[in-house]
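Labels run A, B, C, D, E and F following the written order; every chain starts at residue 1.
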Amino acid sequence: MIVTALPSPPDERRLAVVPPAIERLSKLGHEVRLPTGYGAPLHLSDEVLSAAGATMVPPAEARKSAEIALVVTPPEPASLEGLQRGTFVVGFLDPFFALPTVRALAERGLRGMCVELMPRSTYAQKMDALSSQANLAGYAAVVLAAQRIDKVLPMMSTPAGTIAPARVFVLGVGVAGLQAIATAKRLGARVDAYDTRPVVAEQVRSLGARFVEFDLGIEVGQTEQGYAQALTDEQLERQRAQMAKVVAQSDVVITTAQVFGRAAPRLLDAAAIGGMKPGSVVVDLAASTGGNVEGSVAGQEVVTEGGVQILGLHPLAASVARDASLMYSANLTHLIEHAWPDGELRSASEDEVVDAVLLVDDGAVRHEAVRDQMEATA
Amino acid sequence: MIVTALPSPPDERRLAVVPPAIERLSKLGHEVRLPTGYGAPLHLSDEVLSAAGATMVPPAEARKSAEIALVVTPPEPASLEGLQRGTFVVGFLDPFFALPTVRALAERGLRGMCVELMPRSTYAQKMDALSSQANLAGYAAVVLAAQRIDKVLPMMSTPAGTIAPARVFVLGVGVAGLQAIATAKRLGARVDAYDTRPVVAEQVRSLGARFVEFDLGIEVGQTEQGYAQALTDEQLERQRAQMAKVVAQSDVVITTAQVFGRAAPRLLDAAAIGGMKPGSVVVDLAASTGGNVEGSVAGQEVVTEGGVQILGLHPLAASVARDASLMYSANLTHLIEHAWPDGELRSASEDEVVDAVLLVDDGAVRHEAVRDQMEATA
Amino acid sequence: MAAWQTFAYILASILFIMGLKMLGRAETAKRGNRLSAVGMLIAVIATLAAGGLDYTWIVLGLVIGGAIGAVAARRVQMTGMPEMVALLNGSGGLASMLVGTAEYVRVPEVPAFSAVAIMLTVLIGGIAASGSVVAFGKLSERIDGKPYLFRGQKVLNASLLALALLAAAVVVIDAAVIGNVGGVTAAFVLVLLLALALGVLAVIPIGGADMPIVVSLLNSYSGIAAAAAGFVIDNNVLVVAGSLVGASGLILTNIMCKAMNRSLANVLFGGFGAEITAGGAAAEGVVKPLTPEDAYFILEAAGSVVFVPGYGMAVAQAQHVVAELADLLVKNGADVRHAIHPVAGRMPGHMNVLLAEANVPYEQLVEPGDVNPNMETIDVAIVIGANDVVNPAAKEDPTSPLWGMPIIEVDRARTCFVLKRSMNPGFAGVDNLLFFKDNTRMIFGDAKATITGMVAAFKDA
Amino acid sequence: MAAWQTFAYILASILFIMGLKMLGRAETAKRGNRLSAVGMLIAVIATLAAGGLDYTWIVLGLVIGGAIGAVAARRVQMTGMPEMVALLNGSGGLASMLVGTAEYVRVPEVPAFSAVAIMLTVLIGGIAASGSVVAFGKLSERIDGKPYLFRGQKVLNASLLALALLAAAVVVIDAAVIGNVGGVTAAFVLVLLLALALGVLAVIPIGGADMPIVVSLLNSYSGIAAAAAGFVIDNNVLVVAGSLVGASGLILTNIMCKAMNRSLANVLFGGFGAEITAGGAAAEGVVKPLTPEDAYFILEAAGSVVFVPGYGMAVAQAQHVVAELADLLVKNGADVRHAIHPVAGRMPGHMNVLLAEANVPYEQLVEPGDVNPNMETIDVAIVIGANDVVNPAAKEDPTSPLWGMPIIEVDRARTCFVLKRSMNPGFAGVDNLLFFKDNTRMIFGDAKATITGMVAAFKDA
Amino acid sequence: MNPLLLFVFVLAIFLGLELITKVPSQLHTPLMSGSNAISGITIVGAIIAAGEGGVIATVLGTIAVVAATINVIGGYLVTERMLGMFKTGKGA
Amino acid sequence: MNPLLLFVFVLAIFLGLELITKVPSQLHTPLMSGSNAISGITIVGAIIAAGEGGVIATVLGTIAVVAATINVIGGYLVTERMLGMFKTGKGA
């Protein structure tokens, strides 16, 4: 197959292919054709990319010949221009929110492989880009918070007095939340964490942090795929009230709560944030899907009147773009390797992974929930 | 005694007195009079300060009545206006470089207590502001570097491949260097460190890092006070050459090398920096005394052509201003408690600490090296 | 002795052996005690069944003794156990002494070897009997618990012992050369009286706190007395059971000594140890080293422990084992804290980094001000490669460069372990008087190795 | 027996006891061996000095035997030690057998008890003698090291043993009822021959790799034979030394079994164990649990160890003790690595965080691809609370949801310990066939507690 | 006296030294008391002394029997009571 | 036979069981060999058998002495050689 990558938007430093992925794809017999200047966001020159095995061609040419086009974020419909019908567009397609992109794919007869739809099985984990990026985002969130807050995270007993350890509160303990907990613990903070799924309590404790229990009235489960179920309004209210107390005594709050296919739940309102000490930091990892925190803006830093900084981390993991690209490109490579075992796409009816990720095929959207959403907003 | 504090310059967020210090000074029988709005950089309102026991007065009044005036950085000569003769100005006075300030103090009949001159004895450690600030600076340097670099510090074995741990190289292992090592280790980096004083090798290893040995021809000692001795030119040359190799393979370099009373030694030249990978980060903690790194500018972030970021961290520890102020104010409080055991200043001839720190008294500069420096530049 | 009787005695001995072994482990202790009781029953029955005895007095003795024993055992308060054991041991010693005497009286011609055995029985049994009574008195506070001391005590005890041995020699020679001249000689009575006196004199100078050790030692003595009695009446089960108790009692005594941080010699020679302690002269210049193994016995019995880490912990990279030891101590019921001195290590927060790495809970970290006020109530302070921060010169010696610095006052803890590699001073270069204090024990060696040793001792228990 | 002779024997026995004890510790082993040699010398001299013996043949025997022994000991290669010990043990067993026979021949009227002792001496001595020769053959590869197996082996051995016991009973009854009718009876000869045959038959079915255990067991046998000979000639030092070796040899055999991960029963009943292994039927459904204590013996002898941590290590917070155990293994000379599977734990890099916290050097961390190719050469793989990432279903069962995922193939290691609390599946909910593999040992319980136990066993050694 | 008895003595002493190694502190007193009860084995000697005749020996023997029985009965019962204080299972 | 001998036997067996607890694997063979040498104590029996007269007994006894001496001398020397391989100090 001939593989290319569509350039990322200017505020996105991650790349969908970097040298190790190029090498691997070439070894598998694929040809990688990249638009000149593709590596610039990561200081990768055209020479470096060709040395790894890529053919550097003018952008238009890259599109024209491509059979697979890799993307980091859902491409603007305009940027799909020039791709041949039947070409696979593979990457984050944000199916529930980037509806124009999905529509454009279908209309142009392109085929969309959406990595967000990857099954969360043990086997598929090497192709699970949501996990790989969330993991780095969790790390980056803590590092950012540590840099922004005006105190140190660890406890220090010094001749000038003892500095108490900072309190970090992680809300939502998926992959990102776990890594955030681990990183904050490493830096010596006292970490509390909370999630609606009770199974994560053990995982939280396995990292040495404390799991905060709120009384929500009833137990909340998870879907088969491991995603959280949505809470009722009343449950959300109870949770908010009890959480405000924990938030008030925290120096850093990191929120990562997502519900698959929906806007992120609003966990902290202005009142809760208002209870925090001036100088405290809130990092909202869900900012781009609506935000867990009232007032958070994706990609921006907002300082409240009370002196609390709310950082809407976006795009995910962009602050560790080099490693994020490494992981992401490896995920895509694994996917290509799995889906085209010998140049031929596995049939969706036989392969669970292809069935799950193949979002747009033959001009149609294959995923029911996405279809519903599109109809609703049409 | 009546204690006040001179406001810090706008780019300095640290304060010389914060509530715990106010409480302690009041308990010792001193009166703390602060100019209104003093706490603004740290979001401390006048109410909070008065609640702690300070009297909030208009700035001019604060100066007029003060017997002791605390500072965070050497005050501009102009800002000494309004202090009565005989008033003690206590804090960082940067005696070898802020000569105008020293001169102004002497000329106006003020008395200067310079905390940089604190003896480095075990007993005096609680008053040692250089240590307390350097400690936080070491932490802040690593956190800043971690935030700026486009990869993660720890090793991560993930389904998408293994991320190798970042390599951090700490140059100069005083208090700041040690804390930098500890923090980088905590974050999971592979840490190398180097210092000219061989005694620190054990300390480096005690933190789990590797001490890099360079062959400098001869052994280099330390002064009685624990400060490093200056190296000869030839030694510096050898060191530079061997160091370039280590630097080239590092993702983060943190330099902290200082020599008491002199400009910081130049450890890394453009060539060495040029050998580093694009995206790497260099943090120069000595930027404000001339810099260990060619091209570093205090308080600025410079990106080289090769894509290396050079961060001149300045002012020290300002990024963790809240804790830095806590420590610094505690150091000063301890000094006041020690120097004025019952309202009376201990005589310099009897007390080692007072003798050391009392830089300007009776219109004269008491410290010989500083006097020499002043004469040389006069 | 009939073969079946020997077999019964062998069976009894096996039960004693297994019983003793099992008594040393919590899970099996109960079963062990019962096994050994069955062994005793078998031995008694086998003895009675051998026949040839007039049962009247025996049965009378058994009934009276049994009744007294049973009632006493039932009545005694749980808190009064040690003194009860002392009394019981006293009657055991008395019994052995009487058996020896009876044999001497009964047999017309005692062979020399038997005479030796008899004298040992009488001497050791007598000491155990009267010593136990004194121990009982001290434990139950019928006698003042303070050590009774007077000049020349050592000399007196030594002379009395010499006299007793001399008298015993006379008896033996009597027996060997001219044959036992029917009946008790003056020399024999003298041995008897001196034994009783020695028991009193040996125990009286020892302080009440050491009494449990003394009782254990006297228990070992009465075991040996029983073994000696076994030689007197040529009875194997007595020899076996007595020797077992004698030897294992000695080991137990040693274990108890270590748990109380006393040396066996100190207790063995009674008053001598007490006298030195009472003298109270600051034992400056004398360093008391300890092995990690012995340290275990003290830690095992400690209710409150404070760790004081310093730069040496960092050098040794001992933080993980320290955390593990702390864990074990907590599990063992001790209250454990880590007191971090502000200047410990080589950078501010040095100890925090290490202990956080080892996952020591923040709740266990305290400042000097939190432990100093109650330092007297701390059973053990473990100083791990710290030096300047625990140097009492800071409060005792105004000429010291450390003078005036607040320290962690481990010198006031009940016991203080100092773990370091040598007597070298720390960063400040100041010698440390802590090392010479009475309650300080130096554990030399790399701190990690030392603590690893303590941990091993714990896990092995 | 003269009193002085008894004393000499007692002295010799004490030296044997101390010698044996010291032989068990590396620091004292040499001194221990010499002490026991001195004990032997004393025993021999005391025997010779008792007089009443015709020295001609004795001296001849001593000289010839001494010369052969000394030359053989000097000549043997260091690598040939185990077979040398087997031969030496064989001559010891032979000697006891002959002593028993000689006594039977010499004494006109053997009492029943002595007859029993003689028969035991002959039987056990004979087995030790011929068994040792076969073991020598296998070890020196003069006999094929493979287990010789045939149908009905068990039955044959059992019948021969029964026959031997029957014949021995005849001899004893002979002696008891009609008196020893002067000279060797057919029954006696039969016992002798059967003993020799049993020795051969018991050892021949055992594989060469197990021979050291067999030699140790035969050593214990020959100790018991010596003790039995002691009863025959009413000699106490024989009884003591023989029983000591017999009992301690059994313990040593047990220790060696554990180090080789074999059960004593398996070896004791000779071929039976081998037969099962040879059968080779996949023992699916049978789980073999192990205690941490026994695991120690295997680890102690391991030259290469791979740790495979998983989510359970995180839950148990066992990382610090894992690092400690790894340290101890390295000190013990083993090559140690930690193989981190990419999906181990519950987040990417989960294991890295934990192991970095415990200061495991990065050099010890490897990926599955680094260990899988040489897994056969790994002595022990320790799986710590991992499950899915070591599930062989990923390569063996195409219907499994894990099918196709690269795993860490610990099932191919020589021995694999799996530390978990139960047989529950992991995150993926898939049952794990690894638990049932032949070379897998399950160590149930919290992983931290388990490893702590292993560490304790190590430190205690 | 049978010289073999010396043998028995030596072996028992060694065995006694090996038998006990490490004892948790709560067991110190029960172990002491339990082994003290065993040292009451002198009861066997006392019985023989009390039963073999001779007036003085009988008197002394009877007193010895009383004393030894107190030791034995009291010792076992007291030990039993102390051990009853521990919860079964992991008492250490 | 003296029944006390049984006593001796029982005690020695128990002592043997207690004497060895944990042995580092390098010492397995030396310990086996060293204790094997001790089991050569049967030499005492052999000497008596060879020296007490009777033709057959003397023949058997003499062979027994040869065999036992091989065991004793060979055993101690072999053990000594094996232990010589360890460095002194911490050999474990």
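Heads up, the rule we're going with is that a contact is a pair of C-beta atoms (placed from the backbone, for glycine too) under 8 Å apart; a residue touches a chain by one contact, two chains touch by 3 or more.
The structure displayed is predicted, hence computed values, not measured ones.
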| request: Could you run down the chains that neighbour chain C and chain F together? | output: D, E
| query | Between chain B and chain C, which partner chains are common? | reply | A, D
| said: I want to confirm something about chain E and chain F. Since they are copies of the same sequence, is their interface symmetric in residue numbering (over half shared, so same) or not (under half, so different)? | reply: same
| message | Of the chain pairs A-C and D-F, which one is connected by the greater count of C-beta contacts? | response | D-F
| field | Far-end chain from chain D, centres as C-alpha averages | value | B
| note | Here the gap between chain B and chain E, centre to centre from mean Cα coordinates and rounded to Å, is 74
| field | Centroid distance [mean C-alpha coordinates] between chain F and chain E, Å | value | 35
| field | Centroid distance [mean C-alpha coordinates] between chain D and chain A, Å | value | 57
| query | In chain B, which residues are in touch with two or more of the other chains? | reply | 125-126, 131-132, 135, 154, 156, 158-161, 163, 186, 188, 208
| query | Which parts of chain F, given as residue numbers and ranges, touch two or more other chains? | reply | 2, 4-5, 7-8, 11-12, 14-15, 19
| remark: Listed in rising order, chain C residues that touch 2 or more other chains are 17, 236, 240, 317, 342-343, 348-349, 353, 356-357, 359, 460
| Interchain pairs in contact, sorted by label | A-B, A-C, A-D, B-C, B-D, C-D, C-E, C-F, D-E, D-F, E-F
| request: Spell out the residues on chain D that touch chain A in their complex, using ranges where they run on. | output: 311, 314-315, 317, 342-343, 346-350, 353, 356-357, 388, 401-405, 427-428
| said: Using the touch definition from the top, list the residues of chain D that touch chain F in their complex. | reply: 13, 16-17, 19-21, 23-27, 29-30, 32-34, 36-37, 39-40, 43-44, 47-48, 52-55, 57-58, 60-62, 64-66, 68-70, 72-74, 76, 78, 81-82, 84-85, 87-89, 91-92, 94-96, 98-99, 101-103, 105-106, 111, 113-114, 117, 212, 215-216, 219, 222-223, 225-227, 229-252, 255-256, 259, 296-297, 300-301, 457, 460-461
| note | Per the touch rule, the chain E residues reaching chain D in their complex are 3-4, 6-7, 10-11, 14
| In their complex, what parts of chain A are in touch with chain C? | 154-163, 165, 188, 190, 208
| query | What part of chain A is in contact with chain B in the complex they form? | reply | 13, 20, 42-43, 125-126, 128, 131-132, 135-136, 139-140, 143-144, 146-147, 149-152, 154, 156, 158-161, 163, 183, 186-188, 278-279, 307, 319-323, 326-328, 330-331, 334
